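Consider the two complexes below, in which subunit A is the common component and subunit B and subunit C are the respective partners.
Here is the complex of A and B:
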């Protein structure tokens, strides 16, 4: 579904943050992008999403060139849903309003049906549907932003550090929700994650970035068991 | 009802339309426009050109609306290329450029002398009939502008505007085309401002570049800030409050036996001081924005 080929990208006149990255992700798959701070994880996700236009290389979605397509067009025409890391809810709107704003082009009846379905799927949101989003906990906001992305019926979900700032219990709930989305909706999920162990535990494959390039790619389970991976990227004990 | 009160109420209605236009831009959409007076000027100069060219007044209205729509679109296009704060400065600059051009180009609508002798609406009515008829017309148009703004801001599009104001990147991530939304809001509010300008020109029977001074923009800002940002009722109340406050300054001058300069200076103090005081002590204005509640 997503094919990235030799992408180079950066901000303004600055140097390349991504120095020629290639990767792919398919339906019914969670692909996690890992790596140390500043390695280009979020830039890669923003380039795939359309917030950043690549300086070179291609981004294809379902075989179609999409490297120059802005995010709002990708959401409308390529079935992409994007969940940012922070500022991911409209704080002055209620939970229900936040969800309905995710179903922009649907007719009223379909929107209400989707709203009911999402509320049934996430009872924690249903109990607080009239409450302002600003009153939700960090985990509830993350679930709300995930659920809102689902309202438009995307086929591809791009998640930028869904566990950022969450307690371990909340993190578990959020990752559980992400895994269920993949399993129940045949979704292609591309996720940037700092918390490598938790991220890999629900992922199928992963790319490890370093200095804007792919340093390692493997099945998630293999990476979890790789001592070099643990030492370099997962915060394990340094080698003797 | 005295002539004076009719006059102040009539002008308040026109400023109420301007305050609603600014509220649509700044209050609901987060578009910090310091050049609103230029859009008002499209209406006044539309009337002026029609008068100079011997066209009927309604042709002047059409001309003003076309100018305003084009300028609103131009403002919106600029907004796509620069950040919010720079856009605000750019709109102020454009309004000043417009004023300076009309001040210095004698061939263009009389330069600094302006254009006088525009036909006054309902001029044929005797006594207070003309004033009351104008007041009724302006009040009806203010009510129409109010209903339009209420319908826009309570619709799904209005919710999307608030999203654009609060979290523009997130709105884009949900598939909203902010460029298109910005253009729609700018055109609608520019048309409203131009209607107010056209009526104002035919009310005073005069159009001149001093009507485009930047302090007029800040007067409209004070109405929005004091009335309540993103509250349509509030900004209309702010328009009436400010207009009546300014209208009574000459009486205070006479009462205190102050020189003539006192009036202009005091009006500036009321506008500037009002903005400052409300931003410090009551930033949400007299009637704060109503948040949430449209969906269950």
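Here is the complex of A and C:
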């Protein structure tokens, strides 16, 4: 579904942050991008999403060139959903309004059906559908942001550090929700994650970046058991 | 008292359209576009020229407003979009430069003289003992209609929802499928329309000259900041507060303070009231009367 080939990207006149990265992700899998701070994880996700236009290389979605397609076009026409790392809800809008923002192009009936389905899937949101998003907890906001992205019925979900700022319990809930989305909706999920062990525990494959290049790629389980990974990139042993 | 209220409201109308335009654009692109006051002057001059060319005033107003809206979009695409990539401060300086260039163009094209719309002189009417002119009533009708239309777009249309979403969170708006560049240009167009109408209503009750924009700059900014810069509808409240202060300063007999029968301050002191109020608010309530941006609208 997503094929990235030799992309180089950066910001403004600055140096390349991504120095020729290739990767791919398919339906029904979670692919996680890992690596130390500043290695280019978020830049890679933003380039795939369309916030950053690559200086070289290609991004294909379902075989079609999409490297110059901006995010709003990808959301509307390429079945892409994107969840930013922070500031990921419309704070002054209610929960229901946030969800409806994700389904603006659908007809009224489909929109209402999707809203009902999402509310059924996430009861914590249903109980607070009229509440302002700013009044939600960090975990609830992350779930709301995921649900908003799902409202348009995407086939590809791009998640930028979904566990950022969450407590361990909330993180568990969010990762559980992400895994269910893959399993129940056959979704292709590309996720940048700082909490490597938690991220890998729900992932199928992972790419480890270093200095803007792919340093390592393997099945998630293999990486979890790789002592070199633990020492170099994961910053220690997993919590018991 | 009634006269004070009428004078305050009429002065607020002078400021409100341009202040709302300023705040509306600020909420989306996060820099205060100084050139908006000159767009108001462009609107006044173009409206006047269209009337002189034989177009009825009722048509000259909207045609000029649409023209200025398009001019605002052109400047946004050619100038401000590029400057904003370097930061808000650079864009602000760019808008100041554009403002000066437009002022120079006006001087070249029209000279320093003041011009008037071709309007019949009508005697003032008496309302509850206060005087009000037909042109003031026309200003009231045009401003209320324009602001009502803007509010209707903001609250009841798809574009308005997209404007509010973009003002709240641009990245998230894009991630929700909103073409934020199109939304920004639509808002810039509307701001140009409002500014032009503001310039024309001012000129209809007085005159238009190259100084009009400069004269409006401070009170318009003061109104927008008082209303909570970025809160388009808060700018109306800001305009009312500034106007009340200006009217108080220029219409009040301060003779009692000096032991004389009469002491009225010159009209030029009106801007001092704007300045004093602005400084006071910046010290005590820097976010303005209303705390947030159009995100709240």
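To be clear about the criterion, the second predicted complex is superposed on the first by the 236 of 240 C-alpha atoms of A that agree within 3 Å, B and C clash if a C-alpha of one lies under 4 Å from a C-alpha of the other, contacts with A are read in each partner's own complex, and residues count from 1 in each chain.
Just so it is clear, contacts are C-beta pairs under 8 Å (C-beta built on N, C-alpha and C of every residue); 3 or more make two chains touch, one makes a residue touch a chain.
What you see is a predicted model, and the numbers here were worked out from it, not measured in a lab.
Novice: Label the relationship between subunit B and subunit C on subunit A in the superposed model as either fit or clash.
Specialist: Overlaying the two structures gives a clash between subunit B and subunit C.
Novice: Go through the superposed model and pick first if A:28 touches only subunit B, second if only subunit C, both, or neither.
Specialist: After superposition on chain A, A:28 lies in contact with neither partner.
Novice: Is A:12 contacted by the first partner subunit B, the second partner subunit C, both or neither?
Specialist: A:12: touches subunit C, not subunit B.
Novice: Under the stated touch criterion, which partner chain does A:180 make contact with: subunit B (first), subunit C (second), both, or neither?
Specialist: A:180 contacts neither subunit B nor subunit C.
Novice: By the touch definition at the top of the document, which applies to A:55: first (subunit B), second (subunit C), both, or neither?
Specialist: In the superposition, A:55 touches no partner, neither subunit B nor subunit C.
Novice: Touch check for A:96: first (subunit B), second (subunit C), both, or neither?
Specialist: A:96 sits against subunit B, while subunit C stays out of touch.
Novice: Quick one: is A:65 in contact with subunit B, with subunit C, with both, or with neither? Answer first, second, both or neither.
Specialist: neither
Novice: Applying the document's definition of touch, where does A:129 land relative to subunit B and subunit C: first, second, both, or neither?
Specialist: first
Novice: Find the residues of subunit A that appear in the contact set with subunit B and again in the contact set with subunit C.
Specialist: In the superposed arrangement, which is not itself an observed complex, subunit A uses residues 49, 51, 70-72, 75-76, 82-84, 87-88, 90-93, 101-102, 104-105, 148-149, 152 for both subunit B and subunit C.
Novice: Could you please specify the touching residues of subunit B with respect to subunit A in the complex?
Specialist: Those residues of subunit B that touch subunit A are 159-160, 162-163, 166-167, 169-170, 172-178, 291-296.
Novice: Using the touch definition up top, name the residues of subunit A that touch subunit C in the complex.
Specialist: Contacts found on subunit A: 12, 49, 51, 70-73, 75-76, 81-84, 87-93, 101-102, 104-105, 148-149, 152.
Novice: Show me the residue ranges of subunit A that touch subunit B in the complex, using the header's touch definition.
Specialist: 49, 51, 70-72, 75-76, 82-84, 87-88, 90-94, 96-97, 100-102, 104-105, 129-130, 132, 148-149, 152
Novice: Given the complex with subunit A, which residues does subunit C contribute to the contact?
Specialist: For this pair, the touching residues of subunit C are 85, 158, 161, 165, 168-169, 171-180, 292, 295-296.
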